[in-house]
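Each structure below is given as structure tokens.
The two complexes that follow have subunit A in common; it is paired with subunit B in the first and with subunit C in the second.
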Partner chain A sequence: MTIRLFLHSLFLVLFCFAGTAFAKSEDIDLSAFAQIPILHDGRIKPLDTFARNELIRFSGKSTFEGQSAVNWLAETIFDPVASVRQNIFKIENGNVRHLLGLEERKKPLYAFTELTTGLEKTFPTVEQLMGKDAKTLSGEQKALLTLHENALEYTQLLRSFSLLLPLNVSIPSEWQEKLDMTAGEPATYLSLKKIDTQLEQQILAIIKKKGENPTRYTPFEQQTAVLGWQIKTIEQAAQNNTLFRVIPNDWDKKSGEWIAPWDMISSGKGSPRSAEYLKLWQDLAMAWQLNKPQEWSSASLELSYLAPGTLSLELLYNQIGPFQSALIFFAVSFLFTLLALSLGRSGWLIKFSAISMLVAIVLQGGGLAARIILLDRPPVGTLYESILFVGLVAPLFAILFERKLKNHIGLLCAGLMGTGIGLLGLSMADEGDTMKVLTAVLNTRFWLTTHVLCITIGYGWCLVTSVLAHMILIGEATGKTDNETLKSMRHSLGTLALTALLFTATGTILGGVWADQSWGRFWGWDPKENGALLITLWLIWIIHGKVAGQISPLVQTAGLAFVSVIVGIAWIGVNLLGVGLHSYGFIEGLFWGLGAFALFELMLIGALSFRISQKEASHETA
Partner chain B sequence: MKQLNLIVLALAIVAGFLLTIWLDDSGPPAQQAAQQSTQDNRAPLPVFDITALDGNTYKISDFKGKIVLLNFWASWCAPCVVEFPKLVELAASRDDLILIALSNDIDKDKIENFLAKQPDAIKEKLKSSNIIISRDEGKKITEDLFQTYKLPETILIDRKGRMAEKIVGDTDWTGEELKAKLSKL
Partner chain C sequence: MENWGKQSPMSLFIPLTRFGNRLARPDILFWLLPFMMALLIVGTIAQKTIGLYAAQEKFFGSWLVMIGPVPFPGGLTLMGIFLINLLCKFIFKSDWSWAKLGTILSHFGVIVLVFGGVMTAVTSKEGFLIIPQGESNSYVEDYHERNLVVREADKVLVAVPHEQLKDGYKIAATNDLPFDLTVDKYCFNCAISRRPENLQDGWERPGKFMMLNKAEADPQDEKNMTGVEFSVFEKDGTKLKRLTFDGFPKPPVISVDGKDYKITIERAKRPIPFSVSLEEFTRTLHPGTEMASAFSSKIVVEDKERNVSFPATIEMNEPLRYRGLTLYQSSFDLSGEKPYTILTVVENKGRIFPYLASIIIALGLIIHLIIRIRNTAKRENAAK
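And then the complex of A and B:
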């Protein structure tokens, strides 16, 4: 169904529910509601995760005006009339705002009711855009398309329970009798469904007798015709509404399918058990609308029993936000170590930094462990996940070297990498659900555990190598590091480079074996493959150059410092190209960030190397 | 340092062992497991009574030990009308099967008129004791209890009184596929 049809029917449907907009309760406990399971994007998740992802999709934030995402979700599904007036649609593109005729605001957030006219106006443009290749679309066109997609999803959400919410429709007394309704009792689509065949027959009889001009009908006939039209409109507006899959399919338990209420009705998947679940959802809706916290808690608790055990872990994961929390502790650790080193290694500062680092690593590791349990697969299936994983292993490796160096440089490196990688991860987490089901080619525990873990561990070692090389360059250029420490750091640098080479080379070869199994060839000069090879060749070049005496220690250190850029290109850069067989990893939007990072590194390493070579030249002259 | 290396090595071996167990997806043969789980997954039938057109009342639990076809239909529903004679023929041919044809018609007269229009052979078979024609007053069983809105729908109930499958739409009640299904009930 097109969005146009959705929009046309929206106001009628909302009008039908207009009498039901009650104030939401402050006393309603949402904890059990947040745990109710839903099948979304191929996996069972708690409503809390679903609500957060949907709200992030629309507004870019996981909370709404200080309220939790589940609170917003409850209002949206149980009180759609109030929900459409909430400013949840974030439209950052100024041209799109102009196209939709929206007023400029400090925060570009708009209510659905403000968008409908503009959405309808721009629909012909969107229809044309939908036929085009996404790569050829401008930023403005993509933003417009995304807004229409979001609006469509939102209307599905609004109508998730339109079959059981009380309707504000006028029912002639004759029909009330047939429905066995008492006066004042609210009707729902499901209750009216019992008379729809009779209603249809009656309307056909009226048309046959008096034609299609309603002015010739008696008041009862008019009311009957309007009622029939309202039922049909609600039904049509909810066609293909498969978003809110909260009811397990009793007839196909093996497939693990869950169904949305409207889909259950229209596809004949209802069962005695689904009737019980739907009754509980109706109780929830009524408890929300009539502000009855006790009834709400009882119904939401019963529905939350459907949740598998792991969902409470996901709720805890959502509440803690382990990676965001870890980022704070990594940053604290980095700042305290920097302060300690600047002030001459004050004992308590280092202790505080070490404790922060420990907490950060526990949080990062705990978050990854939770993801392994929830997704039942290794923790590195997507680019975002590889960032989380490297965000754990790189600081860990640096800590290992701290045990050897014992000069707090390892701790400083760990803090710096934890913070940098954490920020990168944070920038990618605002895209919505980070626990996506993998594409078929990636859905193998064996290769995710061997190849992907190996190559990402390799990235981690490379980053530690690069950061240590930076430290050496800074130490040499500023002259603030003594020769003994520099010697020890250089020795460690060689070991780190070899370890990085071992993991990246092994990972690259394992990737070739996987590619041979999946795509029938070991090597295809795919951008991702070339990226992995680039790191390996770069490391081989530096290590061999040093062993053969062809490059100076300075070039070796500068070359290893530059590994960060090579890793950046291989890890993230090739995904920006949007070509090759690794399509599941394609991303957009990091081009300028990566470019700025590469330029910064080039300038920093170049400047430091120039300063060191000048110092060396003056030393030789002296 | 040596001690640390030994600890790391021991941890790596334990991790490798656990990983091998995790990566090993082998289990009981898939088909056998699937069949077993299908049997276990059958939901129990809710308790309800049926009043036949002749006025006799039955409890659904009365039919335990027999296969039950609970057919939701209406005389105004074209696919229901098409499959009705086939269902009757199937039921008449098997002593171990009960057909409950639960009509969604508003008026009893409409059902009786529909039955009266059936060919004589079908009318004769309708006299079988294992065929029960009933009207679902107020759609209480069809919609409230079984959440059935897409007529015709038929629920296959096994001999233990559990719901095995729901067939949505009309189907070939005399075909081999269905015979195979019934044999598993």
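And then the complex of A and C:
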């Protein structure tokens, strides 16, 4: 079992490899390195994205002690001895920390060197847990399992280039001659591989002659035996190391398969061109270890030539972080509109707010456009993506109504929604890679663009409806909005509700049509379908209740305000039902977050409605 | 309408209209919808524990459901009331004017949708075809229904549906069947374990070392492995203990007077009017992962009744439709020597309705919105 190798790999890293002698100079330029392509999770991405995702996976953050993720990655693969001492493993679960015998820290971040003993100790437990159904595991068990998986991934990363890093071994002079090595030149696994067979034969001869007790060996024989053992150990530890797929498998055909360095050596898949490419990686490793900025730059530049054009777009996307930036502008716009409204319309405040909104929408839209180009599909394949998309359309719809209402309420709604949905998206981005390839059933452009776009646009309209209903309730309860404005807002609310119904109802049925296309049944009562139906039924209920005179205008407005909660349940909440392994902590957070949101809305809408009905009653008596 | 009593043909309609008007009342819908939403929420949450199939049967495919000690109208009851209410509203209370065109259309669309649902519920049949690469099959197996079958050569002597099976169930000997059979242990979903030594008496291999245990039913119905442990009493009084289960490669055979009787658990099968042979099954992976990006089955349909034969490719989201049946790529098995494809086969006479309904409803709502916005604009212009 590979997990068993934690202590082993630590030992390997600390004793077999030579650490760098120098502090890394500031002159090392990582920009070309960041752009080198790697195949990971089914997609060619720049090392920058890979590094960020791995670092987020281990530590929850995309930077390490103020350094960029690629910097951390370079250190991990080229200087594992330094990397294993970095505190990058975030262990939030107190029981797991206790189980591993870790000291308590202000920030629960630990280095691999600190974890190995505990990982080794808890391995039998983990082995049992792996056989169980993920749904039956407790939060602590899942956290432990995730930590083990992360540590395993990390050891793979550490050993990615163990075949071409200088080894901390002493090579007897007889062997040095056979290797054509000049004194002082570092030995690597790859260079020692040439004498592998001879070495093995010699060791067998020694054992045959003198038995297995090394005390009876001559110093040369001892050194030979140790050397042989080291080569075997490194080789065994690197079995199945397929994480770092940076070498194209077949250069001419576009099969899309890339292989990791170890995979290339052990399976013999390489070609002369691959060998050349690997040599460049070796140059890169040496440049890092010996701190040679020029060599580093030329090797990394040459390696990055393979990158397809879209990778520079992805790099730009990573650097800008369009959705995080948009969130800031949405928030600024919201605050300035709020300020303007409470101060009684100040011209430049609104102008500033409108500009912020424009920037936010451009960023959000640009980010989505980049994702469409990078992933080559509509931007609504996952829950996270649907949040990004609603984060664009909901503010846009609110702006449409601003144009009609012209009282800045639309702008306020847009800012509020942009901020709220942006925060929701941000909490999901912690999960690591957000640009995922899709499973076969989702891998259809046609249905993603018809059903999913339609239903997410429906969510967007629902949210605009809800926010406008809130504004009406607040306006009525505080008495700060004049009757004429309220009347026009109420009319808009009706139109909005109908539009929301149009998109959610059509989207829901289209979902059924898709299901009919792929599974042969129109309606299967699965949670996603039921969630969409719930929104549709709720909207039908409120709209018909008003038409039939069953509910007062106040109850109707309150009911439409509550659509936010219904959308929350249908859109986000149904995902709580399929509890996955990796998202446990996240799902739990989502559950309480959604619960708190529903409670908050219930109290807010209840209180506002109560206030309004009291006011109406006092009006009547007066 | 003062002298309506004299117009005899109309007089028949008036109570009908009155009755219809009552059934069309909007408050029925108003009180119905919360029940529907409650049922929808409870039925969805229940799936987490009892699985999709069971939840669907219990909450949505039933007339009455007990939620704890409280009886609650089931999906069929609620949908029934909904359809009657909507139909009456549509027939008796629609405002047949151009201004209401949108409303009329969208209501009609919902009727089409619900009608399609009823058609589907009544007529649809679902099953699956398992085809090894290079072979063909024309029998659809049911996802849910299983039978205990006793065969002599190719002749089916007994077939007992799984709903009837229980511990102690007896099949008596007949002219064709020379022995009595008693089910000792029945499990809809069996887990296999090693038979403890003290319970091995009277057993032969493989049952001597293999025991069936009752396990909880899997939410995915096709994953349940149905099986029985049974005793056979031959005419001379000898008692034999045997076991058999769904997919058992070596089902027990009882030999009496030179005839072999094979006892199996089988999925209920029905023939389709053509045969399907699998030329090749391919699974494409996202490079460097174990995650599939596409599945496809290259097949040849051979219809002897119509004397046609044609090749086709079935992929995810790309089913094959032929002679009222739709064949979908639903699963596969690559674990053995030969790849197998598993195609879901659905026969549904109501499948066109949702397509129509979605168009009608969307059109209705769009027209309704346009009329509403135009009216507003007109009012605003008039006010100016």
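A few points about this structure:
Everything below uses one rule, namely that the second predicted complex is superposed on the first by the 598 of 622 C-alpha atoms of A that agree within 3 Å, B and C clash if a C-alpha of one lies under 4 Å from a C-alpha of the other, contacts with A are read in each partner's own complex, and residues count from 1 in each chain.
Going forward, a residue touches a chain if its C-beta (ideal position, glycine included) is under 8 Å from a C-beta of that chain, and two chains touch if they have at least 3 such contacts.
Since this is a predicted model, take the numbers as computed values, not measurements.
Taken together through their common subunit A, the two structures put subunit B and subunit C side by side without a clash.
Shared-chain residue A:F610: touches no atom of subunit B or subunit C.
In the overlay built on the shared chain, the residue A:Y305 is in contact with neither subunit B nor subunit C.
Looking at the shared chain after the overlay, A:S271 reaches subunit B, while subunit C stays out of its contact range.
Look at A:F591: by the touch rule set out above, it reaches neither subunit B nor subunit C.
Annotation for subunit A, partner touching more residues between subunit B and subunit C: C. When both complexes are overlaid on chain A, the residue A:W229 reaches neither subunit B nor subunit C.
In the overlay built on the shared chain, the residue A:Q550 is in contact with subunit C alone; subunit B does not reach it. With chain A fitted onto itself, subunit B and subunit C come no nearer than 10 Å, counting C-alpha atoms only. Common to the subunit B and subunit C contact sets on subunit A are residues 446. Against subunit C, in their complex, subunit A makes its touches with residues 39-43, 242, 245, 255-258, 437-441, 443-444, 446-447, 491, 494-495, 498-499, 501-502, 505-506, 509-510, 512-514, 516-527, 530-531, 533-534, 537-538, 540-541, 544-545, 547-551, 574, 577. Interface of subunit B with subunit A (complex): residues 19, 22-23, 25, 34, 37-38, 41, 43, 45-46, 74, 76, 104, 106, 138-139, 143-150, 153, 163, 165-166, 168-169. Those residues of subunit A that touch subunit B in the complex are listed here as 180, 190, 193-194, 197-198, 250-251, 253-254, 264-275, 278, 445-446, 449. Residues of subunit C touching subunit A in their complex: 26-27, 29-30, 33-34, 36-37, 40-41, 43-45, 47-48, 52, 55-56, 59-60, 113, 116-117, 120, 124, 126, 285-289, 291-295, 316-319, 326, 328, 330, 344-346, 348, 350-351, 354-355, 357-358, 361-362, 365-366, 368-369, 372-373, 376.
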